[in-house]
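The structure is given below, and queries will be raised subsequently.
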Amino acid sequence: MEPWEEEEGPEVVKRFMYVNRKAPYGTIYALENLEVVLIAAAFDQDVSVVFVDDGVYQLKKSQDTAAIGMKNFSNTYRALDDYDVEKIYVEQESLEARGLTEDDLIIPVEVLAAEDLREIMAQQDVVISS
Amino acid sequence: MEPWEEEEGPEVVKRFMYVNRKAPYGTIYALENLEVVLIAAAFDQDVSVVFVDDGVYQLKKSQDTAAIGMKNFSNTYRALDDYDVEKIYVEQESLEARGLTEDDLIIPVEVLAAEDLREIMAQQDVVISS
Amino acid sequence: MKIGILVNEGPFTHQASDSAYRFARAAIDKGHEVPRVFFYNDGVFNANKLSEPQSDDRNLVVLWSELAREHDIDLVVCIAAALRRGIKEDILKEGFRISGLGQLVESGIENDRLVVFGD
Amino acid sequence: MKIGILVNEGPFTHQASDSAYRFARAAIDKGHEVPRVFFYNDGVFNANKLSEPQSDDRNLVVLWSELAREHDIDLVVCIAAALRRGIKEDILKEGFRISGLGQLVESGIENDRLVVFGD
Amino acid sequence: MKTMLHLVNKSPTDRNSLDSCLRLAKTGSSVLLIEDGVYAALDKATHADAISGRMDDLTFYVLGPDVSARGLADKTLVDGINVVDYEGFVDLVVEHEVAQSWL
Amino acid sequence: MKTMLHLVNKSPTDRNSLDSCLRLAKTGSSVLLIEDGVYAALDKATHADAISGRMDDLTFYVLGPDVSARGLADKTLVDGINVVDYEGFVDLVVEHEVAQSWL
């Protein structure tokens, strides 16, 4: 086997980034994107999850869906840590435009300015958005 | 029969306004909204059709969908006249923001400033949007 | 008062069907009539009896069907929208029927209000 | 080059499936491989064999199925997304199969590119 | 002239529907924010001015169940917005002659 | 650092996806406008500056079939945008290491 063939083998770790730009409940994308991330965590790849624009609303604390009859899935974000998904980024500009701070979020995250998030995005191998 | 019963009878004409705010082809709403208007024209009601925001793109001349494999339905707007749908309003501000003029449109319309369109909207009995 | 409802999106993907359902129930609870709910665009998917959400999630197809039975609501699925999306009699949930767009216009004529839920 | 495709919306309602189909054909025409197309969210509706668009309109369900047969493409419908939307084996078009989300992750791992089409 | 209830169900940072509604809503109309539309009611967010600037000529409502679902019950809403539940939503539809959804 | 192709498929007057893409796209990246995203390429429209202001550090493409479908073939596009067909779209995906869709 040539060295470059080994590099192409299945043991190569790719960097996957899952991008969330949509608010929860109004549409299903937040929930179904989270389901992808939980599955992806089982593969031996480098996983990061990004919340920008209205996606930051997914992490808002104190969600209570009893009166709309939909399932509250916000606690599932806490499971990301159990699944060893530790690279969770939230864009600072998106938080600020919505009057939110890190204290409003249900899980610890890394808050990044757009200019820093841009660098991380540009290092990914696969970007999956919804 | 009492006079007020007659007023409630089926011969009362209601004002229906169909509002188009979405561009064609990217989503099906423009096409399916047009299908509603063509059916609605068969009822003896007062029908008006409004194009605002990206809805004004529905009326752009010279649409040619051959290369995207979708049906070009823009000529169907010409049929509105045959169906006696004559109240077709386009918001001037929406046209201008998109760099379009009345000459860009496939059918004759009444171009109205927002402040005038607002008055007409407020006179409707039923507003159907998509 | 008679209130007609138009639902333009399918269950689950958008909140439209949930909102319309909660609204319809509240209207009925307050003594109003909801004679007909019309399903257009992706709204036709609300009639798909094969829908099987997770056990801890709501099943809007069933909820609409039950509400219709209890309160004699006419659930009308647009035939043109349904055909292209593959919603046929075979998979139509009890309580729904397939008919033409004229039924939507009628809803606008005959009801005191028409409320639209969509994307 | 191996190019994976993810389709997040159903046929007709959004252009995503049309765009993905045109892109897939162009990629194959240029000599690239499209080993798998994964259908997620409302994308699962692309597999509904009951879809019957008007005769002068394209039928994306048929187009995907034919493309898959001609070029040996694995058309995978996400099981979780399909269940809640009522896309079951009974109404699955030939050429599509139902499987788990792992197949999407695999697509990302094994292909040189992954291109996403959605709303 | 009809009394109108405008329904806005999209986030103002995602779509233009609130902007268009406010541009075309006549003085004296009511606006009810539902679904993702409720984010427009956040006092500290960028669109707060769009609403507070129209408090004099429009009446604003927000659907409480959608506010709670999104975890906004602990946030300050724009001053003067009225919170209603689904029954209040029904009352608004009944009290206004026409309901217009900004889809 | 990967070479990136950003895909934008929504109208800039309807959604925020172009704005977000431009805010987060790194110098040297390419942006391909498809579907309703092609409206952003209209020279006289409100978003023309958003694109022309980034001509120096990004490369812009627009999908010709989507331009023609929408009747924009007779309109002036922002100076410097490259028009491609589906085969050109494939080439762009191949030439860039990563494709990111701004859904």
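Chains here go by letter, A, B, C, D, E and F, matching the order in which they are written, and residues are numbered from 1 within each.
Simple rule for what comes next: a residue touches a chain if its C-beta (ideal position, glycine included) is under 8 Å from a C-beta of that chain, and two chains touch if they have at least 3 such contacts.
This one's a predicted model, so the numbers in the text were calculated from it and none came from an experiment.
Trainee: Which chains sit in contact with both members of the pair subunit D and subunit F?
Mentor: Of all the chains present, those in contact with both subunit D and subunit F are A, B.
Trainee: Can you list every chain in contact with both subunit A and subunit E?
Mentor: C, F
Trainee: Among the chains, which one keeps its Cα centre farthest from the Cα centre of subunit B?
Mentor: Between subunit B and every other chain, the largest centroid distance is to A.
Trainee: Same residues or different residues: which describes how subunit C and subunit D meet, taking over half shared numbers as same?
Mentor: Mostly same residues: over half of the interface numbers shared.
Trainee: Measuring between Cα centroids, what's the chain most distant from subunit D?
Mentor: Result for max centroid distance from subunit D is chain E.
Trainee: Nearest whole angstrom, what separates the Cα centre of subunit A from the Cα centre of subunit D?
Mentor: 24
Trainee: So how far apart, in whole Å, are subunit D and subunit E when each is placed at the average of its C-alpha atoms?
Mentor: 38
Trainee: Measuring centre to centre with CA averages, how many angstrom lie between subunit E and subunit F?
Mentor: Centre separation, subunit E to subunit F: 33 Å.
Trainee: Based only on mean CA positions, could you tell me how far subunit B sits from subunit F in angstrom?
Mentor: Subunit B and subunit F have C-alpha centres separated by 30 Å.
Trainee: Which residues belonging to subunit D are in contact with no fewer than two other chains?
Mentor: 8, 12-13, 15, 19, 22, 41, 54, 57, 114, 116, 118
Trainee: At least two other chains touched by the same residue of subunit E: list those residues.
Mentor: 9, 13-14, 16, 35-36, 65, 85-86, 98-99, 101, 103
Trainee: Which positions in subunit A touch two or more other chains at once?
Mentor: Subunit A, residues with two or more chain partners: 25-29, 53, 68, 70, 125-127, 129-130.
Trainee: Going by the touch rule stated at the top, which chains touch which?
Mentor: The complete list of chain pairs in contact reads A-C, A-D, A-E, A-F, B-C, B-D, B-E, B-F, C-D, C-E, D-F, E-F.
Trainee: Which positions of subunit D touch subunit F when the two form their complex?
Mentor: For subunit D paired with subunit F, touching residues are 1, 3, 8, 15-16, 19, 22-23, 25-27, 29-30, 32, 113-119.
Trainee: Show me the residue ranges of subunit E that touch subunit B in the complex, using the header's touch definition.
Mentor: The contact residues of subunit E facing subunit B are 1-2, 4, 16-17, 20, 23-26, 29, 97-103.
Trainee: Spell out the residues on subunit C that touch subunit A in their complex, using ranges where they run on.
Mentor: The touching residues are 12-15, 18-19, 21-22, 54, 56-58.
Trainee: In their shared complex, at which residues does subunit F touch subunit D?
Mentor: Residue list for subunit F touching subunit D: 7, 9, 34-36, 65, 85-87, 89-91, 93-94, 98-99, 101, 103.
Trainee: Applying the document's contact rule, which stretches of subunit A touch subunit F when the two form their complex?
Mentor: Residues 19, 21, 29, 52-53, 91, 93, 114, 117-119, 121-127, 129-130 of subunit A touch subunit F in their complex.
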